[in-house]
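Right, I'll just put the structure down here and ask away after.
Chains: A, B and C, in written order; residue numbering restarts at 1 for each.
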Amino acid sequence: MKRKVNIKSMKYEDFNDNEYIEEMLKELRENGTNVIVGCLDDVIEWGRSNSLWPLTFATSCCGIEFMAIGAARYDFARFGFEVARSSPRQADFIMVAGTITHKMAPVLKRLYDQMADPKYVVATGGCAISGGPFKKSYHVVDGVDKIIPVDVYIPGCPPRPEAMLYGLMQLQRKVKAEKFLGGLNKGISEKEYERKMREDTNTKEDIKEYDESGLA
Amino acid sequence: MFDFGIITNWIHTQLTSLMPEALAIFIECVIIGICLLLLYVIIAIIMIYMERKVCAAFQCRLGPNRVGPWGSIQVICDVFKMLTKEIITIRHSDKMLYNLAPYLVIIASVTAFACIPISRGLEILDFNVGVLFFMAASSIGIIGILLAGWSSNSKFSLIGAMRSGAQMISYELSVGLSILTIVVLTDTMQFSEIVMRQADGWFIFKGHIPAVIAFIIYLIAGNAEVNRGPFDLPEAESELTAGYHTEYSGMHFGLFYVAEFVNLFVISSIAATIFLGGWMPLHIPGLDGFNAVMDAIPGFIWFFAKAFFIVWLLMWIKWTFPRLRIDQILTLEWKYLVPIGLLNLLLMVVVVVFKLHF
Amino acid sequence: MKYMDNIIDIKSKLAAFDAVWSEKGDGRFMIPVSSFRKAAEFLRNEGGFDFLRSLTGMDWGEDGLGCVYHLENTSTGENIVIATADRNRDDANLPSVHDLWKGANLNEREAYDFFGIKFMGHPDMRRLFLRDDWKGHPLRKDYDPSLNPLNMENEVADDDAPSYEMTPDGSYILKRHPLFNEEEYVINIGPQHPATHGVLRFCVSLEGETIKKIDPHCGYIHRGIEKLCEASTYPQTLGFTDRLDYLGAMQNRHALCMCIEKAMGLQVSDRIQYIRTIMDELQRIDSHLLFISCLAQDMGALEVFFLGFRDREKVLEILEQTTGGRLIQTYNTIGGVQADIHPGFVKKVKEFIPYMRSKMNEYHDIFTGNVIARKRLIGTGVLSREDAISFGATGGTGRASGWACDVRKRHPYGVYDRVDFQEIVLHDGDCFSRYMVRVKEIEESLKIMEQLIDNIPEGEYQMKVKPVIKLPEGSWYSAVEGSRGEFGVFIESHGDKFPYRVKFRSTGLPLVSCVDTISRNAKIADLIAIGGTLDYVIPDIDR
């Protein structure tokens, strides 16, 4: 199976960093799938990559540029990033636009956990990538990749809208180079899921205290 | 006007000649069910695509244009995405109700959708109390929304559900009153009959003043009924993040999303049916040449043209007007629309009794 | 500089409270803790100083921990700076003035958070910016950053607010007041919420849809800029101002540059003044357009959001041509501006002015005149004039309440004293007035630019400044009219090339502190409209 990672109206050669995409594709090819699953996979990835809905999340300056790419001149709806959802359950990727502080870090982690799989993270701007100008501060997380896994980094302070669009297209290519069936959707049973949630969110003592009638 | 009844009757006779009648009817029901669901999905896709393009046009944007020509298959991508998205189980939610809610909403929407007469002979559910049935079926959706908000164990959802409960039940009244006005004019509750009576002139012209008032009330109340802006309080993005479906993900959310758009279509097509003549072409008495040209256009095109015109009207309103506040919504309904609707009903009765209509 | 021209008069009166006058910088009265409360009461009640411009916590090392208060009499325009300090570093306590100036409430919490100064009689001595389980107080000079590694545990917020009361024998007692009752329905709006304009968190107690109480939580984007400034040379500090209120980048930087120039005694050329003024006004239009967009979006009228952004891009285009930046302009420098204006600048601005004027009608047609918008905005969230002054809610918010608080008129800077413009003051104090003030200010800004753009004098765009800048000992305060209120910079220098303490008077903090007052008994939807019209920017509040 030859997976295409082309983006309409931007040539493959025009992208920087084609190496990582090549590597992902190589891995995909080596693992090999049969034709039917592969075709289905292709269709699913095509659909997913063209319909990535962002979470409306912004902490500072980059957030205004994030609004700008949704607005009249830059209009990221063209590429299928149409509906910015406010509920993390319904979003596909989170654009960490702005500085993440110590107080915000657990909140961001929780937001990320609340999102439904498959989910992606785009670190936007110097602050989210490394702490930026506030790296030395006592209250700033130097890079969100310390907290949550990041898929695409968009440097800049704040990045220009064009840069953001470029970064989002890179995310689309990355999604296209993924394997959905048997890859991303590792199905786990509900019981196992429940157990994992408990491990994640609560210490053991807390579990006992919950009123299981559903009226917590 | 071409009668689709000829085709359906022919199919029926063919089937009954091959097999016992019960089996034939069963097979017909299955086929009709499949067709209905297919049509439902197609309408949903068209509506979502239209919404995106229309709002983009209002907002000086282009809207989706990368997938397919003019972005026309963008919605298909969204469907694939939705289908492959994880459905999150919420701890401490009422699991049964939580999972049931989106299906209730979609069932209500499909049943209401089935009441619409699309062309002559193309009615799925058509009987003598069709109007009542339509009102009843579309109200089931409220239960779904209430349950969704209640069972998610989230405070935002709960507020959204309470808002929708208050709002939708109130506006049901005005929708009913304005439809009733037309029922008084036609003395029938069957949608196909209502359409047939408009052969010599649409009700909005025939019923003149009370019909126009009823039409406006219906548009306002119908808009509120389907939770569209400026009445989108139950899911007010900037207030309640996503309202009653805050906690829903994946296809569960997709069902709410689809139902919202199809409900908008249903409301619009009912408006088209009872006020604008449904699939009846535009006839001007006396101009026979003109009428003949109008007759040449198939009925379903007339119907969809009218329905989508009203959809477009409602979208225009949604993207321009700010949202109302909950108390203002209830004031608008109980202090203005309901009294006006009642008086209008009375006016219509007077018009009908003294034969003041055309 | 007519900063404190009434000093001789006040000096004699304050002598009764053992105030010591010091000349350095702007000059200030040092009042001992024991008589501070009485002096504050005297200034508030008899001196008529009803506006607390800025409250700055200080760590004076050996001289203890203290606070600097900048006061203004809004009827006469007099200004005064007073300070007080407690030498006991481990257990510093000062009398609270939250009942004299409501704006002191959050500011004292901030000082407690940063320095550990306990304010006696303050009803809610919780931390403002940092987590409740934070160890130490970061802006103290002896703070050890290794105490607080990144803590990924979810924050457990206290349910009750501590307060300290002084007993006659000099010790104090700790009291705790519950914030919300058990049976109250409390929801969190924020920190991740589409309508809080960033990461602000409101704990809202509801009864049905009616708001009973709001407890704002700040600090989700607290970056410690003031502490960072203390470790930066003066030119380095400039970079942080752009990132405070990113919709007022020009104005913020203008304020800091003005403050440093004032301390250096540097007079900048007319050309620089003209350029800075025009840039400030462009920035103001940019910010107000974003205000309209966001307000409309919050209220559900999405079309206006896009119109606002469409026109905003035009402003950004002009700014970008000269400065190279869209949001973070990095344009003003100490003693000038980074680069001369672009050759096409004048032409573009002249094209923009009539364009913007014609587009204003569009906003009025779609939003201002809209019946739903009017219904929702008129009469909601009323802030009285007294409250506005007491909270220090400056900018459009204050002016909508009838308080003529424009810094451009009160303490003219740049070339504002040479242009003819009207200070928009409305008197209803509701959301609609706050909206109208900003819409009309766009027109005033266009008027200012129109007068200036053709008359930019020749001259240098950057004065000669030594490569290493050292300020003399003393403290200075400068303010500009930012996009959303008075943006002030307070610098205390001990003669080094680093500032000893930099404090930015946030324009948003007073606005957040008055949210609870004005949205009681309003609906949730009103809170969104109130938040939208107050127009705060969170990174500016949290710094």
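The rule is short, and it goes like this: contacts are C-beta pairs under 8 Å (C-beta built on N, C-alpha and C of every residue); 3 or more make two chains touch, one makes a residue touch a chain.
Because the structure is a prediction, the values reported are computed rather than measured.
A.B. asks: Quick one: do these chains touch in a line, a ring, a star, all-to-all (complete), or other?
C.D. replies: If you draw each chain as a dot and join those that touch, every dot ends up joined to every other.
A.B. asks: For the interfaces B-C and A-C, which has the higher count of C-beta pairs in contact?
C.D. replies: Pair with the higher count of C-beta contacts: A-C.
A.B. asks: Mind checking the centre-to-centre distance between subunit A and subunit C? Centres are C-alpha means, answer in whole Å.
C.D. replies: 35
A.B. asks: Starting from the mean Cα coordinates of subunit B and subunit C, work out the distance between those two points in Å.
C.D. replies: 50
A.B. asks: Can you tell me which residues of subunit C touch two or more of the remaining chains?
C.D. replies: Where subunit C meets two or more other chains at a single residue, that happens at 193-194, 305-307, 310.
A.B. asks: What are the residue numbers in subunit B that touch two or more other chains?
C.D. replies: In subunit B, 59-61, 237-238, 241 touch at least two other chains.
A.B. asks: Among the residues of subunit A, pick out those that touch two or more other chains and give their numbers.
C.D. replies: 71-72, 86
A.B. asks: Considering the complex alone, what residue numbers of subunit C touch subunit B?
C.D. replies: 185, 187, 193-195, 206, 209, 296-303, 305-307, 310, 366-367, 370, 372-373, 375-376, 523-526, 528
A.B. asks: Please name which positions on subunit B make contact with subunit C in the complex.
C.D. replies: Touching subunit C from subunit B are residues 55, 58-61, 155-156, 159, 163, 229-230, 232-233, 236-241, 319-328.
A.B. asks: Flag every residue of subunit B that touches subunit A in the complex, lowest number first.
C.D. replies: 52, 56, 59-67, 71, 74, 76-81, 84-89, 91-94, 153, 237-238, 241-242, 245-250, 253
A.B. asks: Within the complex, which stretch of subunit A touches subunit B?
C.D. replies: Subunit A residues touching subunit B: 8-9, 43-44, 46-48, 50-53, 71-72, 75, 77-80, 82, 85-87, 89-90, 92, 114, 116-118, 180, 185, 190, 193-194, 197, 210, 214-216.
A.B. asks: Subunit A touches which residues of subunit C in the complex?
C.D. replies: 129-131, 138, 143, 145, 148, 150-155, 191-194, 198-199, 219-225, 227-228, 231, 239-240, 243, 246-247, 290, 293, 305-307, 309-310, 313, 326-328, 538-539
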